[in-house]
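Residue numbering begins at 1 within each chain, and the chains themselves are lettered A, B, C, D and E in the order written.
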Amino acid sequence: MSLNAEAKASSSESRLLDAHELFCERDDRVLFSGLNFSLDAGDLMQVQGSNGSGKTTLLRILCGLNSSYEGEIRWQGEDIHDMREEFQAALHYIGHRAGVNKVLTARENLRWSVALHRQVSDTDIDDALARVGLLGYADVVCRNMSAGQQQRVSLAGLLLSPARLWVLDEPFTTLDVKGVKILENLLVQHVEGGGAVLVTTHHQLDVAWNLRRLNLDGLSR
Amino acid sequence: MSLNAEAKASSSESRLLDAHELFCERDDRVLFSGLNFSLDAGDLMQVQGSNGSGKTTLLRILCGLNSSYEGEIRWQGEDIHDMREEFQAALHYIGHRAGVNKVLTARENLRWSVALHRQVSDTDIDDALARVGLLGYADVVCRNMSAGQQQRVSLAGLLLSPARLWVLDEPFTTLDVKGVKILENLLVQHVEGGGAVLVTTHHQLDVAWNLRRLNLDGLSR
Amino acid sequence: MWLWFSKLGSPKWFYELSSKWLPWLYVAMTILLSVGLVWALLFVPQDYQQGDTIRIMYVHVPVASISLACFPLMAVAGVITLVWKMKLADMVAKCAAPIGAWFTAVALATGAIWGEPIWGTWWVWDARLTSMLIQFFLLVGVIVLRSAIESPDSAAKACALLSIVGAINVPIIKYSVEWWNTLHQPASDFSMDQNSATGPEIWVPLVIMIIGVYCFFVISLILSTRNEVLQRERKSKWVVDIVNSAKG
Amino acid sequence: MSGKSPVKVSTFSAFRATLRRDLLIALKRRNDMLNPLMFFLIVVSLFPLGVSSDPAELTRIAAGTVWVAALLASMLSLDNLFRADYEDGSLEQLILSPQPLYFMVLAKNIAHWLISGLPVVIMSPLLAYMLYLPSESYWALVVTLLLGTPVLSLFGSIGVALTVGLGSRGLILAVIVLPLTVPVLIIGAKAVADVSLGLDVSMHYALLGAILAMAFTLAPFASAGALRISVN
Amino acid sequence: MSGKSPVKVSTFSAFRATLRRDLLIALKRRNDMLNPLMFFLIVVSLFPLGVSSDPAELTRIAAGTVWVAALLASMLSLDNLFRADYEDGSLEQLILSPQPLYFMVLAKNIAHWLISGLPVVIMSPLLAYMLYLPSESYWALVVTLLLGTPVLSLFGSIGVALTVGLGSRGLILAVIVLPLTVPVLIIGAKAVADVSLGLDVSMHYALLGAILAMAFTLAPFASAGALRISVN
């Protein structure tokens, strides 16, 4: 993938994300306080924790979707608030909801969501869809897709994204065994190419890569 | 659990569900045809299949939520259309969407959904919530719960349901390791008590029970 | 009875039968319409007060009366769809809706054109016009619903249900609107029993026109239904055969 | 326990549970209960602004305006009737309950009317006053609304049930339902107007009552059927 | 590739992509495009039924009625503006895109107006005729609506953005937005009425134009901010 090449090229200093003394409480329950961690190029970090430990909350905070927190988040040394657009250009987030419009076909969905980040040709899109196992589904309306198929559409978005940092909230849900394998390989490829991944999941990732773990259970309450 | 006792008592003939020559196609793709299987008291059956193989569709057909199929479905020998209310009294379905109202608290949600099937006291409800690991969350508004916590609320419904047949569509999604264990034990308890379970999931169930498998991949297309 | 019903239910049967009927219908329509029109336009005496504008009636009344017949038709089809799950009924209903809407629109238009000389305005909030308008809304509602629902099965049932509810309402609407006020032509004027009142030279061509336009309605309905049949049955053998033979 | 065993709970208590639940939800979102009312108020007050502020003028259009506003208010408040339940899956639970769906739907309709219909009815005299409706018509207004708004809810719920599965919102519902509600509007508005002309309107009430009775018995069936179709 | 690298795509092409997408969605549900129109038609025709069918009477309320109906139509069609995107998560994608949110929101607003506002404007003379609006006012009606409906869309989208996260629908939006749009309604309706009185209305047009300009520049910012709040 060309984007990996690019990635290597531009990863002069390898420190990407810095979370400094993060604190968050939601209706009177402290989820985490004094949370420090950093993400370098090539890091694949799994955020762990029991239900309600604050994984989703943390991820949304890091993306800037949730601003009810204290502490500081830096992207390549700068506070993300000072460089929102640059940061967002380097970020690809997939949340609990896949971000797939039910009325549009798989291709149309990707055409738009990718176009927000970079030019893309239909052939690229079809390749991406094929690689996530949706060959022949490019023109199926997403409402008529199964839960897992819709999830795969949003994964195809990952393939096309120029972003360097991937933040994925339980991307494995509703994926079948093959789907899981595909995604795991994807993650490894991305970090190999100098990207970084922050992922929450309850299932055991088996990837040929040294997996960093961030466990929120200790911190909560 | 008292319901198990009852169950044993009344399970004179053990054949519960019969699916006969089921055929279903969705927009021109045959999902399954000539599908036969039956469920006896004490059966724990996992419906398998890759994404889009038709698991959800099958489950909804069996529950009577989806009527665009051919073939016959019998409950204890009778066609379900001739005895809808009896069948539904013996059925508990949990779909991709948990059936949890975001505005209500966990307790209020259960109070209603259980009341559709049987009288229930608040203490029962609180016990059930405790058993699914939501002790102290009884009065939390469900909007303020995490994905997994909401899932657990609907599982608590299972504990309180008098139904003999459980039909669960990917109930393990968003559950953490503890949650998964809880649910697995629940399933075993239910089938031990003479109930029957039909469950789809992509993760490996490890249960101390001989698991029956129904694979849809062969059948589709 | 049942045999007959299921037979009638089969789109194939309908397709073959309709191909037998169509020619006759074509003939009947051309004769009736040409005779009716020529008679209406050339030989019907001028109306003593309305002058030549009376001739519009020969389009307006048939069209209007058909557009009234459309909703009951859809409702019946709806019942058949829901009770006997007959695919063909739904296809007919689906095709009837837009055609009915067009007829209603034409009735409104011709009515308006007629109104211009008679009432000096294109539109008045008179009972029958209004109830016609509301029926038009109902029809559009059915069409919109049909297209809004993706799965054809659900769409079929949903529209069936809506048309039935609508059909129950139509008389209520008609009644309430008439009761609300009326300055439209009373229906009696042209009804058969007192044809003496207005001479046969007036109503005979009208009857001819009505039957002719009915033929036109049936034909257009059959044609679009045949389309629908081919659409939905495109995978079944007999359609494939037809297509191949057409390809030659 | 088994399928053969009698249903574990009386239909009535299930009915009550559903009714209580819906009222509870409404109570939780207390200011949502204000919305139909506010909408009613705002729409009505748009007319003096948009049309004219001349009392004589307003008096003439008062009855109709209030009725149309009430019609729209209850139409729009309907959108929440089944939507939330559909999206969070509660609707499937309801449909799969061993209770006759007719009563469950009825419970939801009643709850909805108590929440969004009744306040409008109670509020109407105030607005009538703002539009200089002759005071002798107030009673007629309240009575007709009291008979009419439930019909709107009942008819409306059919439309909601038919459209609950669709992505697009609000308008399609109105397009389907509004034409069905024309008779109620006509009779209601006419009754109010006629009273101020000193005519006898018992006939109008009778008509509205008849329509209400019909709607009460038939509409929930239609809604129930429509719901089954929509979840399919 | 890296955060430092220049944004990969021009804001304009992202703007175009968003615009095209929304129009495409509308096109897919072609008959949904009928809804605002039909709603407009139906609401307008409710008035003769509710108020009176006397031409003189209708003439007087014509301008106001058409305007109120247009107001409601564009208000209700707004509900679909961000809702679907919020529910399927596209909205988060939009907010996290490296593009200035202002333009993305603007694109969605423009698409929405083309779909639901423009048809209403085009249709309005017909309805004006049915309400016996004096023919010399047709132009005024069309022009004011042409200037006014975009303002409604723009203001409306602020309300939608604020309420998109809430369960309850439709009404709360109307309650928030309608008051904001009152000035437009007043000026628009008055302009139409004044024309039929033979008065000069260039002033009204100027005012509407000014409001439109303001809304065009400011409203999308407000909407963007509101969206960020809603997803939080």
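Here, contacts are C-beta pairs under 8 Å (C-beta built on N, C-alpha and C of every residue); 3 or more make two chains touch, one makes a residue touch a chain.
Note that the coordinates shown come from a computational prediction; the quantities given were computed from them, not determined experimentally.
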Please find the two chains that have the most C-beta pairs touching each other. D-E
Of all the other chains, whose mean CA position lies farthest from subunit C? A
Separation of the C-alpha centres, subunit C versus subunit E, in whole Å, is 36
Cα centroid separation, subunit B vs subunit C, in Å, comes to 49
Where in subunit B do residues touch two or more other chains at once? 67-68, 96, 102-103
When you check subunit D against every other chain, which residues touch at least two of them? 29, 84, 87, 167-168, 172, 175, 178-179, 182, 186, 232
Please list all residues of subunit C that touch 2 or more other chains. 134, 137, 140-141, 144, 148, 151, 153, 177, 180
Which positions of subunit E touch subunit C when the two form their complex? 29-32, 34-35, 38, 41-42, 45, 48-49, 53, 55, 58, 129-130, 132
Subunit D to subunit C touching residues, read off their complex: 158, 162-163, 165-166, 168, 172, 175-176, 178-180, 182-183, 186-187, 190, 207, 211, 218, 222, 225-226, 229-230, 232
Of all residues in subunit C, which touch subunit B in the complex? 151, 153, 235
Per the touch rule, the subunit A residues reaching subunit C in their complex are 141, 143-144
Taking the complex as given, what residues does subunit B use to touch subunit C? 28, 67-68
